[in-house]
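Below you'll find the structures, each written out as structure tokens.
Each of the next two complexes has subunit A plus one other chain: subunit B in the first, subunit C in the second.
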Partner chain A sequence: MNGIHDLGGRHGMGPIDIDPKQPIFRADWERRMFGMFILAFAGGHFNIDQFRAAIELMAPAEYLESGYYEHWLYSLETWCKANGSLTDKEIDDRMRKLSKGDA
Partner chain B sequence: MSSKHDHDHDHEHHHDHDNRSDISLRVKAVESLLVEKGLLDPAAIDKLVDAYENKIGPHNGARVVAHAWSDPAYKQRLLDDGTAAIAELGFTGIQGEDMVVVENTPTVHNVVVCTLCSCYPWPTLGLPPNWYKAAPYRSRAVIDPRGVLKEFGLEVPASTEIRVWDSNAELRYLVLPQRPPHTEGLDEAALAGLVTRDSMIGVGVPHVPNVGAEK
Partner chain C sequence: MPTMFPAAGVDELIKTGGSTRVNANVKSRFAPGDKVLARNINPISHTRLPQYIRGKTGVVDRDHGVFVFPDTNAALKGEKPQHVYSVMFTFRELWGAEAAEEDKIYIDLWDDYIDPVK
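Showing the complex of A and B:
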């Protein structure tokens, strides 16, 4: 599919952000997201092609605007919702609950 | 798509700081729900993160390169069947199932990219640096490799051919850089110390030992 993810040869994406000191994970949520992906993959929630396909179907503007591990979250959510493991409402409710408890 | 993600932005352009805390919260919510449903073990996440943050990294690939520099028969096996030769040193596993090793020579310089995504040889290099996963490198490496290499501070002579390898979900590339000068007497451990991550992606070259006589 010739989607937005097919970046080879596109112009205007700006300079490369080369910072040798940049850590592999830039925030703790990236660590959690990485681990969840591997486990959800190993647990059979999706195969690697499904995982990529969901990311490749993201809206182009959303794809470019969001960070790498956000793409992973998007795909994980897509497949967990598809197989009934998660719903949007559950996630929204849990976020509200966590944000109250977190203060 | 129906989900209402708010978006975290990369460091270079964050317009809205609320979004960053929101994504963090959303990931936390997803994790806590999956854990609660018995679908996820949080301790297993810790273990995986620790492995990829502290154990699996470019020092693995550096051992492969140093061994290839020291043992011509191994080097030949590495170029013939990268996956098997890398497995000889114990580096196997996901995102390294099908490995192709490409050799830099005085006339050919190889560069690896994944234009579609972020495919990268995890067992030998660990997780990719952020720039490898971002649009600028992915878009430009294939149309202006010399310009891209210059951005990394690497000038490849015009007489050297540049080959760009586009990785994919099944197949991953590792660059075998040229052995630096003044390394004749070095053992494999010392050689491995000269091999950088970037030199195995092709956006850099290995360190040259300090010998004083020549820079």
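Showing the complex of A and C:
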């Protein structure tokens, strides 16, 4: 797919961060996202190519404005919703709960 | 749903980043040193052939072995295992005469992404 993810050769995206000391996870939720990926992948919710393909279906502006692990979350939600193991309502309910500080 | 991934493979998964290398006996169409042309394909579905090398000529540097083909695997249309090669493209080929002569890039390409150059 000729999507916004295929950035090779494009100008104006800023320098690539090659600092070897940069943190592996920039926030604790990113660490948890990594764990959720392992569990969902191991659980057979998607194969690795399906996982990448779903990320490419993000809206272009959303893709550019969001971080690496947000892309992962998007794909994980996409496939778990596709196979019925997760619903939009469950996500919304959980977000409402968390926004009230009741994690 | 795809096949269950064995829990015992989790450590390996983290180490390899979900490699799709497969132990299949598939003939390689190319060898190191072969000149190849990246296909100009534009599928609306998943592909790992970058746009900026389509229609460009490179040289096979090495053969990585056999891997699942992402374009079909992403659509659950079969694994279509095939060789993946590291292919060298000069910056002059990709970006034109003003690019530095010595600069080059190596891109991993599945067998189905390239054609021989006579």
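As a working rule, the second predicted complex is superposed on the first by the 95 of 103 C-alpha atoms of A that agree within 3 Å, B and C clash if a C-alpha of one lies under 4 Å from a C-alpha of the other, contacts with A are read in each partner's own complex, and residues count from 1 in each chain.
Here is the rule we go by: contacts are C-beta pairs under 8 Å (C-beta built on N, C-alpha and C of every residue); 3 or more make two chains touch, one makes a residue touch a chain.
Model, not experiment: these values are computed from the prediction.
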After the subunit A overlay, clash or fit between subunit B and subunit C?
clash
Applying the touch criterion given at the start, work out whether A:G43 contacts subunit B, subunit C, both or neither, answering first, second, both or neither.
both
Just to be sure I read the superposition right, which of the two partners does A:I24 touch: subunit B = first, subunit C = second, or both, or neither?
first
Greater subunit A contact set [subunit C / subunit B]:
B
What is the contact status of A:H5 with respect to subunit B (first) and subunit C (second): first, second, both, or neither?
first
With the two complexes superposed on chain A, say which partner A:A53 touches: subunit B (first), subunit C (second), both, or neither.
second
Quick check for you: in the superposed arrangement, does A:N83 touch first (subunit B), second (subunit C), both or neither?
second
On subunit A, positions contacted by subunit B and by subunit C
6, 8-9, 38, 43, 45, 48-49, 52
In the complex, go through subunit A and note every residue touching subunit B.
5-11, 13-19, 22, 24-29, 31-36, 38-40, 43, 45, 48-49, 52, 55, 57-59, 62, 64-68, 70, 73-74, 76-77, 80, 85-86, 88, 90-92, 94-95, 98-99, 102
Tell me, which parts of subunit C touch subunit A in their complex?
1-7, 9-10, 13-14, 18, 20, 42-48, 50-53, 68, 70-71, 73-76, 94-95
Residues of subunit A touching subunit C in their complex?
1-2, 6, 8-9, 38, 41-53, 56, 83
Counting only contacts in the complex, subunit B reaches subunit A at residues 1-5, 7-12, 20, 23-34, 37, 39-41, 44-46, 48-49, 52-53, 94, 113, 115-118, 126-127, 129-131, 133-143, 148, 151-152, 166, 169
